[in-house]
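Below: the structure, in structure tokens.
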């Protein structure tokens, strides 16, 4: 396929260049084509395909009718390749003359185009802090050029992964995390509501050769060698509920009084029903109900019980600190939230994210931020915390704060969402990298396109036709909106010697 | 009311086109000897193997600027070569030639003559275009006049194209075809204009020398029968009534006695699904020397090439030649603008426009009408 | 119904000061007397019974006498090493006492086909099955847990106790968030009791599959931080657990050994003379008689040096008032003008750690083990070795050789040198 001509430019504008396809070449939607000139070359991307014909529409309709009705025996299109063909509509995405630039010229009129090769993409280099995404994709063809994001920049500038169900977003996240583990250059917190990243019963992040010491897994049902997800009630502060649970003014007042009286044990005492001066018993009852509903914490036979086993009055004092320290040490921390409720999940995330955010604020004020690795929080179904309605009803939360301000403090968000349109524009605009997976909903595509880093106005059809594992990376850090093929995780990890690096047991000398 | 009148007209027409009597082929008597319709003259075209190549030639022209006293046209002649359905790449001569022709009214010998100068677009075409000396015509030449009016200069200007077709065809025969191959011009082999017969003879000579069969196929025909029917329509009806097979040719129709039309006529149906039959002519001298098997073989190759679904029964080579010879409106506009620009640069626009405006009232009215 | 006592982190031999050493011993003796009184069936020490693998012999002798006392009263004793009383290359006092039949280590096992198979030790009287894993320095025991054959342990029927010395991640106190630990999921499940040691704070934990994970906490103290916690009201002691085929009751038995007086002073914004004046004032007012007094001074002074403050005089003053012992902690005290040492820490241990952390990168080395966290760890271990004091009746040559050998072992260079 390498240098063979696949079409010829016949007309168009900068935003819509018309290319006649050479017969047999099968130009595809999303194909990257190259038009060479004396100084370099232009990379074009196909966004639409239409039929072209030298025969009029009426004549074609008649001919089709004849064929369908069995009247066309012995008749055919002579020289079909000349008279019926495909016209590809493409736009110039990059001009390369030594280095890549935004294109400002048209390709030479009537110049031929060819399919892109890996040599044309030599400017895509591996950054020093790489997050692997996949290989460049041209249509459905995979070009052997790896695509990375520079983690040190992309993570703190936030990433959005918009996609409908079944398009491979979990696979994408696993591939990204796999490439991150062991680098120790950024800390990643993953709130995993489907318990799909660690690999409890299948291949997952646990199989990474450098998982030991670089990957932490927390679950209420922790497999051997992993950490139990348990958070002490004393770690919860009232501000952690911001944007997750709304309290009335009276409830806020009551909470303050309990804090004053019991400091870190404020929540425990509410749950236990300890009376405090100035708190109406009815307010206390409502607070207990809220805590029971949101956190599944209540008193039974004098003992504090948490039905989802996440919160405790005896254990988990250092869980949050440990997680935060691990993130600061550049580790990946996966928290299995599949068995706990939405609110509990968001609360835990809020606690950790808040802790990191405020710590990093402090580092910045002391001039120490430069030595700290960026930290990012991966949150699924991002509208739960970033949706307009949610923010309007419950007010801002730590996630929206990070989305708006986190960049200054090297704290970022990776938001995964099916509904981009419900996220406020100012937040979307701050999410400077979008890894766009397939989406069949037109309003969602428009919301994505409207906030993308490159002009994707013509890519509506492209995005609608993205198959599982196909994506477009639109980022202020990429030269153009790069179409990629994300490898299947299970295949991807084979090349990394997954699970091979465990210490040989014979080497462990046991001293009894 | 109108509906009633329409019914009357159609009924009248239906009555006038009486197919019950086909009559006889009618061509102008002193130049042709006709043969009565005879079912025996229908011969099937049997498909046989052949490696004869067919070269198809067509020309197109279009007026760029015109006035009663001048006409500037763009002319294009194009050819292709097929072996059956498959195109054969030509290698020796350009596939198309283009030239501008400028025809002027010139007063000489007490008469208005229309003289044409020829300007090849590429030097390569110089030897392929007609001689200017052959392109001088009297405006009162009966063959060119319209009724009792002087010949239309635009029509005269198009003669250059016709001559170019003959000359280019000769070159095609000499450089691209071999023994047994066939050249098919678009249209009849009848020469109508002064000097045209010379061009035809040169082409025939070249064809005889190389044993290339020279022929022409007409899209349309204005020949009649003695009962006022169109000749082609009558033959078709005859074929239907006689339940002739799917592919056939009808011969003889008439013998040409005119040196201006050295051809043998056939009426051919080239595809089972064809809705039309066509008049096909072979250079007379060659036709006489062909055996029925050879005639069948030539027509068989034409049939094989006539299976394109866009126009069943018409050779695809001529469809292609027509498309590529045609000068399209959008091309025209580009050249027109170039010419007008040059005229303007010369400062001659007032002069040109005075003459152009003396003949363009119709177009103004069209514009007014919208 | 049966009973057992669960101790951890006794740290016999801790402290340089005789008073404090004796307090440790006193707590130990008192605790064992309680066990004898209460007729426990056996005692479990989950590590750091001694403060080093080779403690002061005088102190050790006293402790051994008490242990024998308990044995003579029919109480079985089970131990595991802790991070302090274990040595990878030298015989530990624990080994000696085991050989003498004073107690049994419940850590017998071997690695078979990559899996660590441990053998239960069955207490004859009660039928309780006891098994455990030693504590090692720097959390090295983590490797044992990774290869542990849990299944065979979990399948064992009967009343089971798992003994170990190490922090469990889920039960680390907030102050030890950065400490090495193992997740609870590393422990074999469904044991009746997990006798844990190493964390000096007492805690009683309960997680699904691990109903009783208990840290008895340090019995008295082994460093300043422990003393401070005691002074702030932390109760020290051990557990007595009643059981038959299940746990019936867990009782925390306090073992107080002395009273405390705690002076905390914030010197921030004050000059040295003011600080001294205030401290003297506080010392004069203090009721120190028979108490263990802790004086903690921290903050950044506005003027003067720490050496301008007469801490020795203040100490003497308090001692003259009848204090059992006076401990002065001014590691958190700094001076704006004389910021020689910028290292701030709660105690000397923390200060040392931070000093090493701050400066480890200054030394250019190629060995990864000498850099970063492992470099700091090694430095601390070496410092501990170099801190070893000459033993009574130990010749200087022998002392030097011992220190050098320990140092080489710590650096893992002994074999290379030989």
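So that you can tell them apart, the chains are marked A, B and C in the order they are listed, and the count of residues begins at 1 in each.
What we mean here is this: contacts are C-beta pairs under 8 Å (C-beta built on N, C-alpha and C of every residue); 3 or more make two chains touch, one makes a residue touch a chain.
This one's a predicted model, so the numbers in the text were calculated from it and none came from an experiment.
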Worksheet item: So which chain is the furthest away from chain B, centre to centre on CA atoms?
Response: C
Worksheet item: Going by CA means, which chain is nearest the middle of everything shown?
Response: A
Fill in: Geometric centre distance via CA averages, chain B-chain A, whole Å
68
Discussion item. On a C-alpha centroid basis, what's the spacing between chain B and chain C, in Å?
Written reply: 113
Response to the item:
Distance between the CA centroids of chain A and chain C (whole Å) is 46
Item to complete: Give the residues of chain B that touch two or more other chains, as numbers and ranges in rising order.
Response: none
Response to the item:
Shared-interface residues of chain C (touching two or more other chains) are none
Response to the item:
Listed in rising order, chain B residues that touch chain A in their complex are 85, 87, 271-273, 305, 307-310, 312, 316, 320, 323
Discussion item. Could you list, by residue number, the parts of chain C that touch chain A in their complex?
Written reply: 88, 105, 107-111, 113-116, 134, 143-147, 150, 169-174, 176-178, 183-186, 203-208
Practice prompt. Sort out for me which residues of chain A touch chain C in the complex.
Written response: 221-228, 230, 232, 234, 309, 314-319, 321-322, 325, 503-506, 508-512
Fill in: Footprint of chain B on chain A - complex, ascending
54-55, 59, 63, 66-67, 71-79
